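Next come two complexes built around chain A: one with chain B, the other with chain C.
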Partner chain A sequence: MVRILFIVFLCLLVPGLASMGYSLWQGPAAWSVDTGVFWGLPISLFVFWIGLAHAGTLISAIFLVLDVKMERRTSILAELATLCALVVAVIFPLMHLGVIQNFYMVAPYMESRGSMANVCSPLVWDFCCILAYGLLSVVYLVVHVLADKSAVAASIHRPLAWLLFPMVLWVHTIVSLDFAATFVPAWRGAFFPIYFIVGAVFSGLAMVNIMLCAEGYRMRQLEKLMLVGSWFLGAFLLWDFALKGNLSVTVLVFAVLLPQLMFVSAVRESTLGRVLVSSSIIVGLLLERVFLVFPSGVVGFGWVDLGLICFGFGLFGVIFLVARLKLSRVIEGEEVLMGEVEETVPKRPATGRFSYFAPLTTPEFRMLRFPLLLGIIACTLFLVWVVGCLEENGIAFSDANLVPLTCPIITTVAGIVLCLRPLVMHIGKVGGVVMVALAALLGVLAGMVYGGVTSVPSGAVVSSTGDMLDVGTLPDSTSTLDSVAIIRTKAVFEARCAGCHGADGRLNEKFVREYYPVPQNLDISRMDALGEDSLVNVILNGRTNMNPYAGRISPQMARGLVRYMRLLAETPAADNAARNEGGDE
Partner chain B sequence: MTPLMSSLACVMALAQAFFLWRGKMHILKEGLLLFGFFCISCVFTLLVGSPDDPQIEHYPLRMLALCLCFSTTSLPRYRRRYLVMAQAFWLWVELFGGIALAYRGIEFAWARSLAIFLLCCSSTLLSRISKEMEFCLMVFWIAIWILF
Partner chain C sequence: MDRREFIKWCSLLAVGSMLGGCRKLPFMGDAAKKDLPSLKMFEAEVRRAMSKPSHRMELVRVPMPGRLKTLGASLENRFGMAIDLDACDGCGKCILACIQENNIPLVTEDEAAKGRFMHWIEMRGGVPFMCAHCGNAPCERACPTGAANHTPDGLSAMMYKRCTGSRYCGANCPEHARKFNFNDAVQQGLSLKFNDKVPVRSKGVMEKCSLCLHRLQDDRLEVKTAGGVWRGRGVNTACAEACPKKAIVFGNWLDPDSPLVKVARRRDLYAPADLAGLDPSIVYMMGGK
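Showing the complex of A and B:
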């Protein structure tokens, strides 16, 4: 069975890899994109896979903190599936970025590269949340695996579950804000955070149910939860329809109506029936994400898009099966049958009714509140620094923009503190000191590498013998352009630069303020301070987030662009708008 | 939404909470009740809210969260845990709904979110929830709903 599944997933992965390679080579033009919102299938797949990545933590951590007993094998399988789905999920926003090698630019590590990471951007929030979630999920799986043999690991299993509980919900909430915080009318919804969580949890449950069927056993509570999830998804779909008039009947059928077949005992009691219903949910949720990202309808869906979908499923299946086989001894070593679960966490020492703990020494404080307190302090310090940087650079922001960064920072710091204590106890004081020193050294090195690396060319450079855009001869001694040069440079500016800098040179609100690090404000005083030669050099060779254009435009054209930008900077915004309108005519 | 209708929504949430967690717990029964309450809240919001007001978008969820908060006072066991979780859910709805609305130029309701946050944090310190404390909590929730 495993071999057959492995071959099936490989058959999906191989053409998927070809599609992925082609997509990376060609860039966003390779896949279908909604021309109204400029987003395409990779974003749909990202939301879909990040939703599936909720399964493990939901099944394991949330059930643990709520005292819902379940088999160890089921929870470890679900946690493994989380990590595999997370690996698949992070690939898609990276390829959607276009400049894949500059992914770390979205980290809110301010000022180190001379550009401001945009903390108002949901993309930056995504980066932090997924990083924190991935890190904690790995630690959680390791702790869970070790918990049977090590009392130290068992002691932090439950507190870690408490930390992961809000984190897993936070991740998908932030993903929902990618949509809810935009200008697109179809995505406006203050209910999106909870709607996305319901969808994610629902699809995660369906995935775990399929896995359980493949393993040959079942969990009735999961099936009931799936049914409840289908009702709530249906309610949200109808609420969206009531507010905006959007309703996908296909999604309603696959994700809401077909799961009701679980009320039929013949379907419910058959493995094939459960697999088909769960698969219907997965398909319905995938379609829901696709229709969400394409509000004006899916157009130009081709083999590349199909290949990307295959890539996701193929990669997930292959990684999961390999990890499943490698960990089979751990997963199946001490199998416990459903309903006979023993407590793996040691019972708390019986304390008398009036037992006294000195202030700040209770087990609850030491295990959970103290790490959380340290996390809150670290987060507060970070936010104070961020606010200082934003104000110093004159960037407008709201306090609400900073809130999404709090949970990942608090949880990560608290998780590290929580794991450090037993780790130090386990390996001794000397080993602990060495580990802390190594971690500090690693942090310093990472900071140095991050702060010192320069932008890498995007790889899209045309050979020097190719057709370079030129502007003709420009006078060297003066910073003006004649009317012919203005027309030429304006066309190039609008084709190459306006996407980020805006047609009037005052930033493209949609692309820059929301999704990318904020570029330098090129007002007239700054342009004068930098000088024409310096700016020409930036255009040709790139700097931080600015891609190099050497080979695609001539040095003369770069100089022409600098002068055109200066012209825009000298002109009031209203005049620029009038000029653009006139130019269009 | 007018203050009168807002008060009516609060009463509805209180009335719905009466039916939750009664007798033996069954996932399907409780899930169906919550689904029903959510649908009723949606219909209520559509009837009394202005379609042009973006704040109605998460109003049914706010009603559901308030209903869950009220319902935790009738739980037989683990009341503190579920009390905190219900308030955290309410805070979640307010906070992220508010952030989504803030991007559309609607002022973020800091006072409401802060009040729920403080109440949620202080609830974690409760060791025993007496009848008087239940009453106080319900008064606080109603006050937050009506005043902020």
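Showing the complex of A and C:
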């Protein structure tokens, strides 16, 4: 059974890889893109897969905190599916980008040049939320797996679930805001967050039900919940229809009407019937996402698009199966892996003691309050810093734009702090030292990116001698330096050249690092090697990355600039720096 | 394989690789480049784009653009244009002039069939339309990296090197003024560098009307080098220069001596209905002489 499934998924993955490779090479022209909104299938697939990913968290974390009892093999399976779906989900927004290697610019972290990601953009919120969600999901699965053996891990299991509970709702709300916060008429609607969450949970339940069928058992609660999900989705589809007048009949049939077959006992009681109903829900919701991302109609749906869909399913199946086999030891009942066994009814342990806790005194809260406090402090510091950056750069924003960033930051910090104590106990002293060292290294790297390399800012005044500023004649063809070094040349250099080359001729690194290939260093040996005439030629006609300035600068002035550059190169850097300290008056 | 054979192949391989090393052009890149397009091809593409059926925009009355309400906006400058629809006959000369000024590339046959031209100006029902440089631009609010930004002088500018190509700005422009570089225009021989002062955009970034930013920057640097207040007088955009009917007027909305303000003061101003609330800098003039 496992082997057959594995081959099926490989058969999906391999052609999918071909279309993925073609898409990466060709860029966004490869797949079909909506003519109006420039978005295409990768976004549909992202929303679809991130939705599937939410089911695991729902079943495991939310049911745990709500005291819904469930077998461990079901919840670990669902968490595993969450992680695998998340891996698939993050691939699609990355490949969607036109310039993939620039993806890090979406992180709300100021780079050395002083550019800040626009924290008012839903895509930035999205980036942070998914990063935090992925991190916490990994931590949660690890804790859950370890909870069997280690009492410490078991003790933080429920507090972690409490952290994930709001997070999962938050993440999908933000995903819906990617659409709802735009000007596209088909994407507007205040009900989008709930609509998206319902869709996500619904599709995730269908996926888990398929998995349970493959594992050879069933959970009636989840089937009932799936049915309820279909009613909710139906209500939202009608709402959307009433609001905008567009209704996709295929989605309605696949995701709302066909699931009602669960009322027929012949369908409900056969594994094939359950698989088919769940699959129809998956298909319906995939179609729903596709129709959503293409408001002006799907045209030119080609082999690449089909390949991308196959890629998603194939990759998910392969990594899920591999992980499932690796974890079969920790998942209960390993002997029943992927085979038909008689139906097991979920154990319903006696609910036992009902203990009442006054508000804010539960054991989970006692464990969580310190990490949460740290998280809130970290979040506040971050927001203060961001507001400062925004105001410094004159970027308009409203305070509401910053709210979406709070939950991922607080949850991440709180989750990490919560896990630190068990982690240190687990890995011992040496491991602790290594971890602290790694964290310090990371901090240094982050600081370097933020601070950049020291350089003289382009606005700084450079003057080598006092009398230089007095001479006011234009450079002439005689080669004496004294008559060349003049205020006019300096002004031109600072207006035209200092932006990249730096006011001291030693690169304006803060600017150059990020945007351009590094310009030539204007040192004395290079000047001598090239000679004045050829340098004038470079200024006027340009070179590899140097823009031509003929027509904007006279040849005479270019010659003056060359001599000014020489003058700068002859002045030691230390002198320049020292002079800049007091040179501003 | 005997010794003789082995030495033969080794030496052939060495000679071959040395010959390869002597090549003047790299294997890929320049060698793979196609022939440069001719101006005729650009003209043909403009005709093709203009023959594409399009609906006339719904225009509504707007007040004269004033000072920007954003943080750090200039008190002296807000550049913009007014297009006289009573004079404009939709000849399309502005489109070609814009192409030549800003090195706008051609598109492939596939893209053209889908109607995805790169032209910064396009005819919407005989009315030239370009990015309106909204004072309250939704595209800039959506841009995740800050590549789409607003200059203090009222231009909606693009930092191409900062753009990561998420195309979110394109989705968020109500009039779809933005164009996406689906192709590597230089590699595919679709681009002709008419103007050295404007970089050719790389594959995967968004672009749109820059209001001839390079001309403004040039003038600004000149004035600032000499010292003085810069009001952008004497600068004109390529489309305004090319218009045979002088229907496009460029100027500074905050400068009472600007030709733009002088003309627009006596006319009724209009903007596309879905941009009217966004404080556009580029407006249309009709009637009211």
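The criterion applied here is as follows: the second predicted complex is superposed on the first by the 393 of 585 C-alpha atoms of A that agree within 3 Å, B and C clash if a C-alpha of one lies under 4 Å from a C-alpha of the other, contacts with A are read in each partner's own complex, and residues count from 1 in each chain.
The rule is short, and it goes like this: a residue touches a chain if its C-beta (ideal position, glycine included) is under 8 Å from a C-beta of that chain, and two chains touch if they have at least 3 such contacts.
The structure displayed is predicted, hence computed values, not measured ones.
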{"item": "Which of chain B and chain C A:A153 touches, first, second, both or neither", "value": "neither"}
{"item": "Partner chain in contact with A:M70 - chain B first, chain C second, else both or neither", "value": "neither"}
{"item": "Partner chain(s) touched by A:Q221 [first = chain B, second = chain C, both, neither]", "value": "first"}
{"item": "Of chain C and chain B, partner touching more chain A residues", "value": "C"}
{"item": "Which superposed partner A:A61 touches (first chain B, second chain C, both, neither)", "value": "neither"}
{"item": "Touching partner for A:I410 - first (chain B), second (chain C), both, neither", "value": "neither"}
{"item": "Which of chain B and chain C A:S121 touches, first, second, both or neither", "value": "second"}
{"item": "Touched partner set for A:L86, first chain B, second chain C, both or neither", "value": "neither"}
{"item": "First (chain B), second (chain C), both or neither touched by A:T173", "value": "first"}
{"item": "Chain B versus chain C as contact partner of A:A206, first or second or both or neither", "value": "neither"}
{"item": "Touching both chain B and chain C, residues of chain A", "value": "181-182"}
{"item": "Complex contacts: residues of chain A adjacent to chain B", "value": "67, 166, 169, 173, 176-177, 180-182, 188-194, 221, 224-225, 227-228, 231-232, 235, 238-239, 242-243, 398-401, 403-404"}
{"item": "Residue ranges of chain B touching chain A (in the complex, touch as defined)", "value": "27-28, 31-32, 34-35, 38-39, 42, 46, 51, 54-58, 60-61, 78, 88, 92-93, 95-104, 108, 110"}
{"item": "Partner chain A, residues of chain C touching it in the complex", "value": "70-72, 110-111, 114-116, 138, 140-147, 149, 152, 159, 161-168, 170-174, 176, 178, 180-183, 196-197, 202-206, 218, 221, 224-225, 274"}
{"item": "Chain A to chain C touching residues, read off their complex", "value": "27-29, 35-39, 96-100, 102-103, 105-106, 115-118, 120-124, 127, 178, 181-184, 300, 391, 394-396, 491-492, 495-496, 514-516, 542, 547-548, 552"}
